[in-house]
Amino acid sequence: MMFFFEVLIGGLMSGIMYALVALGFVLIFKASGVFNFAQAAMVLFAAMFMAGMYGDWGVPYWLAIPITILLMIGLAWVIERFVLRHLVNQEPIIMFMATIGIFFAIIGFAEIIWGSRSRTLDVGLPDDMLFIGDMLFQQYDIVTALMVAVLVVLLMIFAQKTRMGRVLRAVADDHQAAQSVGIKLSTVWVVVWSVAGVVAVVAGIVWGGSLGVQPVMVDVAFKALPVLLLGGLTSIHGAIIAGLIIGAGEALAEVYLGPIIGGGIDNWFAYIIAMAFMVWRPEGLFGEKIIERI
Amino acid sequence: MAANAADVTSRARSSEVLLKVEDVELRFGGVRALRGVSFEVRRGEIFSIIGPNGAGKSSMLNCINGFYHPTSGTITYKGQPRKAMRPYVTASQGVARTFQNIALFKGMSTLDNIMTGRHLKTKATLLENAFWFGRAKREEMEHRKFCEEIIDFLNLQHVRKTAVGTLPYGLQKRVELGRALAAEPELLLLDEPMAGMNLEEKQDMARFILDVNDEFGMTICLIEHDMGVVMDLSDSIVVLDHGEMIGQGTPEEVSNDPKVIEAYLGVQEEGEA
Amino acid sequence: MIYRESGQFKKTYEADQAILPLRTDQIFMVGVLLVAFLVIPMVASNYVMNALLLPFLIYALAAIGLNLLVGYCGQISLGTGGFMAVGAFAAWNLATRTELPMPVIFLLAGLITAGTGVLFGLPALRIKGFYLAVTTLAAQFFLIWLLQRPWFNNYSPTGVISAPTVDMFGWTVDSVTDRYYLALIILVIMALIAKNIVRSSTGRKWMAIRDMDVAAEIIGIRPMATKLKAFAVSSFFIGIAGVLWGFLYLGQLEAEAFNIYVSFDVLFMIIIGGLGSILGSIIGAAFVVLVPIFLNVVPSAIGLPLGTAMISYVEIFIFGVLIIFFLIVEPHGIARLWSIVKQKLRLWPFPY
């Protein structure tokens, strides 16, 4: 039983990582209807810059992190200026493929600067063991979970309470209507991609801290996608809950199901959970129902 | 076609009911888009559903071709009552339509759009198509010939190979009509065929509708909020308002109905004054 | 350059519906085929054939397959690599476990892949767009995992198995020239089939679904059957490409060789070459095969040699940028640019 809980908790922790990436997707989809395949590349980009600046140039983390955040804002601006602006009103499938282009452009760019070798990223989060009752926890996991909780609360406050948040929701509902009441689409997009960039920085710190920074990190994108579908494309708390479900589910499946049907099933198990669920409810756990019109 | 034209008068008077709508009700959650609508469309006539915006006209059309399913009531087509039916099944039974907001295949040429409208008449299998033998080639030529006749009829020769996405609005409406005609339907549904057109284009479109009725002998059911055009075209009319039927009959009867004048014409005249 | 349609009047619809209605195009195509079949085998070195031409021909076939699905039917797929693997492994297992003749094995491998494609295309009934992208990603990961199970490589200890020599119609396809010819012949035949399909009623139905699926259904097109047909045909092409990739190009098989990045490569080809164009698929494949060569040669020639690692980084970056560029500027890719050039030539020297 003890073992079960340890596996479960380990799974929930990786679930939080998936959720962090999925969160970036949700923000951008909510505000612009763009399915941003490049979110995971943004995580990698942020992590590589933080680790690279510290490792190669000796920039301390308290400085490297704000610089990276500025960089992500710059990236958001570049993406808006050179990509999104030219694709307004295009079909979603074209937008989606464009973000695949962004995905590769960002990764290529980061690699040109930093190469592809593995780096460590340790911003000084505590990582001692901690016993609560009989159970063994990593302090790192607990701190991470708290950081994510704070981030989610902040994002929700931003979306619900601030003026910008309301504007974002208006744009998500209808691009043209929002423009006609004087909301500038380009500003909105830069803001929302910047926010997603900041989420990517947090994800980069957490993810890179536990697994090291290297290009295969983007494979987490392939885990975040099912999380996204399970949670619903537009729901922030949906992304978190779905992340936890999928993280726990795949960890348990690998341990208990893996020996029966062969190892390595965590590559696709998340997809099976998400797809099985979508057959029943295509819009996901908390997504908005899609209504077809003509 | 000449022979068809000769039959028309007799068909217009024929009493065969092609489509019968009985007590149809359509609800979306708490909203009742249609309540207790009943009417009959006879073979060979031009039948119009009119009413102000939001009267439930498009919902009615969507029920007829199976895109929506009525909450209650029955729709009888060619003597067969039906309730839930996918749109493609309706189409295979000889119902074609056009849309208020043009729904053409934008990436394809005029010719291809019209040829697509004819696909119910093609029988070639995938394999025949892949090797371009047997029915594939033969049918392609037959249908091409038929579609060229439609193109001639609608005066679309000059844009035959142009991608429809780049055509002006009025021409797109015509291509859409062509696509519907290509299916040689028994019942042709037209959703506001003249919406957004200028006077000249409206007259052209009215001419095409009359010709389609005359030459091809198709039964036409159209919805429109432009009263003037409808009065001249239609054999009979139903008036909807807020999902309810408030009048029915020949154009003269409808235009003299006080309820219709109050609910519709009055507003219209004020609006245009 | 004389490129004119004047004087060429088509007297039948048949002539007008031909694949290449203009005589100049016909002559050009014959020229290309003559070069491909006669000149190239004489002048190209073994290295060029093995490292450039074979992957190009096979990729072109896969790209045509994917383009049928994405460019013509509008259903995105990120599972190309996985489906190629299915084709390759199906053929290998058929060749090892049965005595069937090679052409039958090829055909069966294609059909098995088509069936797999239909299976993973089933969700397309309820979902579209990105949802479908994710489903096909699931196919990619699941299929690669599945094909790594020992049964599929006949319990080979290393997981790598070598492909049998292809033997068909008494022709042993062994030397690199032979392999080039076989790949070329299959590509030409299948490109022709693809062209026939897209100009027929099947192709029009696909495009109707792509352009507006709701309207397509209302004019009587059955969405499910049509989409599944596209998945089947597309997967058939991709499966055959997978067989060729394993049997003619790699010479040995392992599932990992067909990973997600193969899927992306093929997607790049159709975006760059042109969505909804058979010719574009072929041009796109050539482009994607040539870019790395170009990056190898050009920087050294201008005195800025790049390391091997750097070349791969720059390549990733350039492909990303090119994808964005083509989607913004010309979603119909190089193929459309080519037809614009032809359009201009038709009127040359007059601007209109």
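Observations on the structure shown:
In order of appearance the chains are A, B and C, and numbering begins at 1 in each one.
Just so we're on the same page, contacts are C-beta pairs under 8 Å (C-beta built on N, C-alpha and C of every residue); 3 or more make two chains touch, one makes a residue touch a chain.
It should be emphasised that the depicted structure is a prediction, and the values quoted were computed from it without experimental measurement.
Taking the mean of all protein C-alpha atoms as the reference point, the chain centroid lying nearest to it belongs to C. Chain centres here are C-alpha means, and the one lying farthest from chain C is B.
Chain A and chain B, compared by their mean Cα positions, are separated by 48 Å. Between chain A and chain C, the centres computed from C-alpha atoms are 32 Å apart.
Note: centroid distance chain B to chain C, computed from Cα atoms, is 41 Å.
Multi-chain contact residues of chain A, defined as those touching 2 or more other chains: 294.
Residue positions of chain C with contacts to 2 or more other chains are 214-215, 218. In chain B, the residues that reach two or more other chains under the touch definition are 67, 99, 103.
Interface residues of chain A, counted against chain C in their complex, comprise 35, 82-83, 86-87, 90, 92-94, 96-98, 100-109, 111-112, 115-116, 222, 225-226, 228-229, 233, 262, 264-265, 267-268, 271-272, 274-275, 278-279, 282, 292, 294. Note for the complex: chain C touches chain A at residues 74, 76, 123, 126-127, 129-131, 133-135, 137-138, 141-142, 144-145, 148-149, 214-215, 218, 260, 264, 267, 271, 309-310, 313-324, 327-328, 331. Across the complex, chain B meets chain C through its residues 65, 67, 86-88, 91-92, 96-97, 99, 103-108, 112, 115-117, 119-120, 122, 124, 126, 129-132, 136-137, 139-141, 144-145, 148, 179-180, 183. For chain C in complex with chain B, the residues that touch the partner chain are 12-14, 17, 193, 196-197, 200-205, 207-208, 210-212, 214-223, 229, 233, 276.
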